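Going by the order they are written in, the chains are A, B, C and D; count residues from 1 in each one.
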């Protein structure tokens, strides 16, 4: 504990800096996604209900599956963090793997969804609702890809056993990011899939 | 400083000019006092041998004197300016007076398309008159202009009327003016609209009542000679 | 032994709550309320879900106040921005 | 794997030491050179624009080298003029103001001032520099693609910017958007770094209210930037898609709304003004106490005023849009918040005045520039009231009055304040003193010619002279003002030529200047008092401990008139 006091005074460990940096990053991310959501909501208000007919064609089922997948992956990565806190390397590694699989599952469902929609003739140019749909889910998807890269790196480090020399705190920071991606989806889901 | 302004021929132009003058005197005097103070302080407290600077010890009263009271004065002056401004703004942009003439002005790269509704008072009918870059209005009448755009954002700027309003594609924005002097004045585009932005020059012709009636008769020689568009 | 200085809540129970809320909002769509009521309801549920994730999964509950401000201020700003733009963009 | 404070060892190879360095001091200098280099381009563009305005459609001396179709034998067509206004604005705000005041000064000074050995994330710091360098290259490259560079103004209003058919500019504008996106990314990384550094890496005793004000200004600026840029990033992505994919987010025929772009731009744009402004004022706040030899007046009041101004800056953005067709109902509230924002800034200016009163003022070059900044910045501040008043803005919006106003805020801040900072911190950065005589010549020349350029602009602005006009002689009512335009142009030429004095002084002093001592100005903050000149890798030989606030000058009962932050005060005589 004396170390913890010293670090706030001068020599911060990774922990304080990493968490702080990640939160500042998330603050700017909130504003970016907030911007998208604000634009979407305002445009939808302005359209006066004209979008509902377009919004009916999204697949609520796949959206729901993906919500469950993402919520579960949030659970598994926080379990990985808990396991690391309890020095349980084995289950930490296992939870990271599950998270990774769930993230890929999310992208897989998303890909099927995109393919179905495009083959049914709903492309980003079909109408402004579809433009928003593809931009917002696409950007969210890119964040998922970023998360996969980061979690994958953590998992490889866990296999190699290099995750434990003071670097295991990264699971927490990447976890924060991953929960944020989850929260974005929590809002995108009703915005795009439920409001018709 | 409003001597530099172009001539004012609009009924509300005087309001804008007087708010400008009010601000000019308030900030002008404040500005001069501030600058004189700074130069006096620089002169009086220049470095001199054997004279040490005074320490600031963070007492409350010097703070009140130096910062709080001046800031409170600024706040009061701000509110004064705000209220004067709100009054003028309300006159210009608040409830629109009943208009005698309605004209549609559309911006297009790089021309003004000016549409008169004709004797039937409705746009989009056969007797519409479409002019390029020429806006004719009667003097001492309230003119309502419906501003729109065919492509990008333009801005309808008539310096002598103190009127400026952006024209957005996809929306129709209403503005009004009442010219008090006859003559031919320039209309300019005030919002960058492309490479020909600077060529987007139009003319506002303010006619006397008789002249305007003549102008109408020339355009619509039909039996109906009533001033166009008795609208409210 | 934990070196984070805070306890770990029962994450699985929280996950259960999140799933429950998800299905509540799904069910709400099929209830015979007007669109306005339904939309308001599902967004309240979404906000609650987001708060749960932030509070427990992102352990904001155990963080110092600075971190909470970092998280909350952007949300407030973006809500202010959206509300201000309603007369201009939302009801054009 | 050390992203650790003093973990990284001193690099030895040239590449690691000077190019891909992770030392905040080297990165700060890299930012400095980048911003000065870009300032040359921005200034050159200003010169071309001014010449065109004074003698429209004549061959511009020194523009003969520009290849067709940008210019034809030195005569620039309107397309290129519009590209110049766009790029001048973009470069000066995003590629000069921000890299100079945040990138260079922030990087160099923040760790030194809080006693840290480096930034919190040195590698991220290096990445942010190379990101903005890439952004600069992308921006300059946009001149050479087919269709020319972006020409929709630095504000890039849609739908002029949203569809290539309106301007004829294709990839030039796409590259402009990408350059901005990269720049934003760079400063987001920078902002995360600054904030984390200041929150976690202060030395023992360095409480938040013992921070030098420069650090306060830097972190406030970082917060403002990080919280305001997000919606514009969203908007920029949508704009780029409109241009490249063919969506219609800002195009009315396809269901979009052009007004939204303006809202997004100014929601960012107004806080952005303060992002650039605050670090410049911060430099003044550091310089004033040193050369008046007394503490700055009202430290905490200044900090609180800054925070209030920063918070208010999120609630004023629509004052850029009073005539753009927004709902008249929201105009007056914005007009009121806008005029109210003058209160916190007035408090800061009053604090400056009070700091002068009772001092023992040394008129060195940095001090002259600092005073020049305050004196001219007041003009910029008070003319903002005109723009903020909604009815007056109806007339002066988009005229040269506005141009003069924002140049009177940003030029004193970025250039006069920036010069003050450079003359002041040059000895610490390069270990040499700059020449005082040349510095004073530079000061008088710059401030006088600057006022000669921009004060007449208020007059022609009041006369209704529109901005962004390629050829003012098109309009009869502007013709009588042409003599003033010519006067402005000659003054601008003089202003630009005068900067050669600075460039010469800068490089000459770097090699031939008098060697600087550790603390030539007898200052109290850590970067002067505790670190050697120039600071070694790792900054401090021993970790300093801070005992009191940053500006303890002329304390009663002390031997010297300056008490460094890391030295305990002697016993105070009762």
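Here, a residue touches a chain if its C-beta (ideal position, glycine included) is under 8 Å from a C-beta of that chain, and two chains touch if they have at least 3 such contacts.
Please read these numbers as outputs of a predicted model, since none were measured by experiment.
Peer 1: Can you tell me which chain is nearest the middle of the complex, judged by mean CA position?
Peer 2: The most central chain here turns out to be D.
Peer 1: Quick one: chain C and chain D, Cα centre-to-centre, how many Å?
Peer 2: Taking the mean C-alpha position of each chain, the two centres sit 37 Å apart.
Peer 1: Where the CA atoms of chain B average out and where those of chain C average out, how many Å apart are those spots?
Peer 2: So the centre of chain B lies 45 Å away from the centre of chain C.
Peer 1: Report the inter-centroid distance (CA atoms only) between chain A and chain C in whole Å.
Peer 2: Using C-alpha averages as centres, the distance is 14 Å.
Peer 1: Going by the touch rule set out above, which residues of chain C reach two or more other chains?
Peer 2: As it turns out, chain C has residues touching two or more other chains at 73-74, 77-78, 81, 85, 89, 92.
Peer 1: For chain A, which residues are shared contacts with two or more other chains?
Peer 2: In chain A, 20, 24, 27-28, 30-31, 34-35, 38, 42-43, 46 touch at least two other chains.
Peer 1: Please output the residue numbers of chain D that touch at least 2 other chains, ranges allowed.
Peer 2: Counting only residues that touch two or more other chains, chain D contributes 199, 227, 230-231, 257, 259-260.
Peer 1: Identify every two-chain combination in which the chains touch.
Peer 2: Chain-chain contacts present: A-C, A-D, B-D, C-D.
Peer 1: Which residues of chain C touch chain D in the complex?
Peer 2: 66, 73-74, 77-78, 80-81, 84-85, 87-89, 92
Peer 1: Please give the residue numbers of chain D that touch chain A in the complex, ascending.
Peer 2: Going by the criterion above, the answer is residues 1, 3-6, 115, 120-121, 124, 188, 191-193, 195-196, 199-204, 226-235, 237-238, 241, 245-249, 254-257, 260, 264, 543.
Peer 1: Under the stated contact criterion, what part of chain B meets chain D in this complex?
Peer 2: On the chain B side, the touching residues are 1-2, 4-6, 15-16, 19-20, 23-24, 26-28, 30-31, 34-35, 37-38, 41-42, 45-48, 51-56, 58, 62-63, 66-67, 70-71, 74-75, 78, 81-82, 85-86, 88-89, 92-94, 109, 151-153, 155, 157, 159, 162-171, 173, 186, 188-199, 201.
Peer 1: Spell out the part of chain A that touches chain D in their complex, as residue ranges.
Peer 2: 7-12, 14, 16-18, 20-21, 24-25, 27-36, 38-39, 42-43, 46-47, 124-125, 127-128, 131, 135, 139, 165, 167
Peer 1: Under the definition above, what is the set of chain A residues touching chain C in their complex?
Peer 2: 4, 19-20, 23-24, 26-28, 30-31, 34-35, 37-38, 41-43, 45-46, 49, 60, 64, 67-68, 71-72, 74-75, 78-79, 82, 85-87, 172, 175-176, 179-180, 182-183, 186-187, 189-190, 194-195
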